[in-house]
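In order of appearance the chains are A, B, C and D, and numbering begins at 1 in each one.
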Amino acid sequence: MIRIKRLRKVYPNGFVALEDVDLHITRNEFVYLVGQSGAGKSTLLNMLYRADVPTSGEIYIDNISLSGLAPKQVPYLRRSIGVIFQDYKLLPKRTVYENVAFALRVMHFSRSRIRRQVTQVLELVGLQQKMNHYPSELSGGEQQRICIARAIVNNPPVLLADEPTGSLDPDTSWEIMQLLSKINARQTTVVVATHNKAIVDDIRKRVVALEHGRIVRDEQLGLYHA
Amino acid sequence: MIRDFIFFFSEALISIRRSGLMIAISIATISVSLVIFGIFLLISANISNLSNFFSAKLEVRVYLKDQVAQTDIPQLKAQFESMPHVRKVEFIDRDVAWDDFKKNFPTIKLNSILSNNPLPHAFRLTVSETEQIPSLVTSIRTLKTVDHVSEMGEYANRIATFSKYTRIAGIILVSLLTMATLLIIVNTIRLTVIARQDEISIMQLVGATVSFIRWPFIIEGLIIGIIGAVIAITFLSFGYSLLVVKFQQSVPFVPMLFDQMALNLIYLTVFALGTILGIFGAYLSVSKTVQHY
Amino acid sequence: MIRDFIFFFSEALISIRRSGLMIAISIATISVSLVIFGIFLLISANISNLSNFFSAKLEVRVYLKDQVAQTDIPQLKAQFESMPHVRKVEFIDRDVAWDDFKKNFPTIKLNSILSNNPLPHAFRLTVSETEQIPSLVTSIRTLKTVDHVSEMGEYANRIATFSKYTRIAGIILVSLLTMATLLIIVNTIRLTVIARQDEISIMQLVGATVSFIRWPFIIEGLIIGIIGAVIAITFLSFGYSLLVVKFQQSVPFVPMLFDQMALNLIYLTVFALGTILGIFGAYLSVSKTVQHY
Amino acid sequence: MIRIKRLRKVYPNGFVALEDVDLHITRNEFVYLVGQSGAGKSTLLNMLYRADVPTSGEIYIDNISLSGLAPKQVPYLRRSIGVIFQDYKLLPKRTVYENVAFALRVMHFSRSRIRRQVTQVLELVGLQQKMNHYPSELSGGEQQRICIARAIVNNPPVLLADEPTGSLDPDTSWEIMQLLSKINARQTTVVVATHNKAIVDDIRKRVVALEHGRIVRDEQLGLYHA
């Protein structure tokens, strides 16, 4: 599903954020991406949904090379990848409902189908009562859950989650991670960048550890710390 | 298609409603600059109206030699009428002219001294193009039957060049103004779009195509442009009719542009400029603001 | 105090540098609207110049009765000179006038018929205030020595009222334009400040006072205003001198405003408007955007 | 130091975020505020530094009633309270250095003193090399650490931390919490709203638990869960 070859990312200011990253993630896999703050986890995820381009190296998603992707194809790639952003990236002037619905509207779904799917997913993350609120009227954890809802609402084949439980209490975090596991079981490849040691150690999956932009560990059913 | 249009339209309305202050400010700016533009159009229309009015009064007087017989007049008249740019030819009998002259100069006690009419027969030619007067005068002077052509030529020449250059200056100013209005409106819309840059990039990140993002902005630009134009036109037409009334009362001899057709054309121009610039500004702004991957 | 000022100034420079595009757009808008404003000022200055020029040529001709003796002339001249609004009095001898007349109307074969001069003595009065001509004419008509006052009165009257109303219209337009420029500039600055609303609220949350936030914005507004004004003035002075040259070449008889003092005053007005509005707009915008707890 | 009396907060849309909250925090105390996502932790902290006003009830800081505070006094109150915001609230067009320095500049400190203190605090949070970067060029955890640096740079007598370790890996989180403890030991009252169970259970302090806007537990040296 996702193949990364000799990836290297140097930011314009000269900082080397990723170096020599090789990674193969098969369809329906569930991978934890761990590493210290600044290790390069978000940088790697950004490259997967083409929010940024690598300095060198190749990324293949479903055997399609991202570097060969025409600009016009980028929106379609992004629709096939649900992203839970570390900083949520909600539209401030749209209600919760509209924020989640937006991901379906860009795909020209019918109003009734949008309504059904959005209501369903908001229930899943426990925010059905906050449907008509604006993001600024929500708590940090609630905002994070809208972002999660938007990422999963159209059942994308790939789900990238960047610190999806950073603002959530342990119980809610647990529920959300269970939800991601369930989604993974329904034929979705899931990559989760996280600092949540408790969850990585409890819900055991493949763990890929980054350090200073390099992969230093990659083990099935791994732990947060080696 | 229709579903998409309804969606884009409702998106545009939502964003107008939710960015209230910003939209209000940009509508204000747009209508103010359209008012300025409209004022310039009205002024230049009035100036050209005025210069038409002056040139319509321009005439050339041709004085005939004494030996020209009364019977030659119709043929001469036809000859003048066939000349290019001559709109009207009027014969002035020397007796009528003498009576007029005596009426115009009552201080000269001619009547008592002189019973004989010293004036020649003449023609009054009305010219359609002020710029053509000098060449016309030159060609008339070559005729054998003509004694003398009135010295109005130089004056006509002056009015002609003046009105021509005023017209040119007017055109330059109006095009400058159009460009300025264009710049102000486009800039204003750009500022509102730049302020929503973050939103646009979020939309792109969740898979919206450029055209999907662009359409609501274009419709929004259109709505803003229309509202701005309508406000401007209301102000202009109200203000102008008020001004015309005042001006006509005070300076009744100066002809002001009254023709509703011409006025409507000006208002239509303002409206068109508002809407077109609204759309164009939005299109341009979004195009410059979206990330082209 | 000085340390604070340096800090605010450097803050303003930082924010101008880092919001490059937005600042560039607002400077463009401001200079464009100042150019429009300047154009209007130049036009209205030229119109008033033109009307002064016309009125300077306005004169009243007073024809004396035949029985007035040559010896009464100096006394009469003094009398006219003492009248209000009379700038110049010139005596026209009937013999000189008759020669002139004959030169002006060569078609009238008077010389051969008539050796006697039918014209009276006259005075040519130059008037300083066109509006005063009608009342002057009325008072001159009451004099016993006067036979007749030239009918230029009506014409003078018209030019006077016309130039008066043009001047009034010019004042109205310039004030409208000033308001419009004001609105556009203030709105433009408001849009840039609103776009930085979030930053302002963060500054307030970490303990910045309103005046601490406001100063850099005011200095920024001042800098933007100055840059915009300088661009506008450069454009205006360059364009105007170009236009004046072209116009004087083509229409040499129409007097254009050349006086560098008057032009400098106009440019100074544009500069003042730019800077004052920059400051005022920033002040207003920040005041409306900060949260007053 | 902080006294809260019968505090109630109803948001404009009618949602009751806090109800009947009474709390007394003495000088130099260290308090954990825990509770599910949406329990009202941020709402309570917001009220303490006057970012929002209570619907009813009273808050005293250093015996000064916040409801009696003149608008002109608000900036001075805020300077005496360091806040680590849940969403960081960094100035996007200022570098890391300028962001942290801003908190001192509003207090008209001299340039040299600003330079000394900012460099020192950036070293403390491990970001001295990122001094001249803009927030958008930083990882989530790095942004959070700038926010922490800004909050503590002027040694405020009160420190409010809203989810200060949400984007940080366990090791960095541990260091940051040790730092906050050290600051607390240096005569600073510290209130930390957090979901980090590991830390609450390890660095044992007073724990105040909120549930649906009400205080349901308040114990010295408590655990995350009752």
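By our rule, a residue touches a chain if its C-beta (ideal position, glycine included) is under 8 Å from a C-beta of that chain, and two chains touch if they have at least 3 such contacts.
All values derive from a computational prediction rather than experimental measurement.
Student: What whole-Å value do you get for the distance between subunit B and subunit D if each is reduced to the mean of its CA atoms?
Tutor: 66
Student: Between subunit B and subunit C, what is the separation of their C-alpha centroids in Å?
Tutor: Averaging C-alpha atoms per chain gives centres 22 Å apart.
Student: Return the distance between the CA-based centres of subunit A and subunit D, expressed in whole Å.
Tutor: 28
Student: How are the chains arranged in terms of who touches whom: line, ring, star, complete or other?
Tutor: ring
Student: All pairs of touching chains?
Tutor: A-B, A-D, B-C, C-D
Student: Subunit D touches which residues of subunit A in the complex?
Tutor: 11, 13, 34-38, 41-43, 86-87, 133, 137-142, 144-145, 162-163, 166-173, 195, 197-198, 224
Student: Provide the residue numbers of subunit D that touch subunit C in the complex, in ascending order.
Tutor: 49-51, 71-72, 74-76, 78-79, 83, 85, 89-94, 98, 102-103, 105-108, 110, 150
Student: For the complex, which residues does subunit C have touching subunit D?
Tutor: 3-4, 7, 14-15, 18-19, 199, 202-209, 212, 292-293
Student: Subunit B touches which residues of subunit C in the complex?
Tutor: Subunit C residues touching subunit B: 21-22, 25-26, 28-29, 32-33, 35-36, 39, 43, 63, 106-110, 113-114, 116, 118-120, 147-148, 158, 161-162, 165, 169, 173, 176-177, 180, 183-184, 187-188, 190-192, 194-195, 243, 247, 250-251, 253-254.
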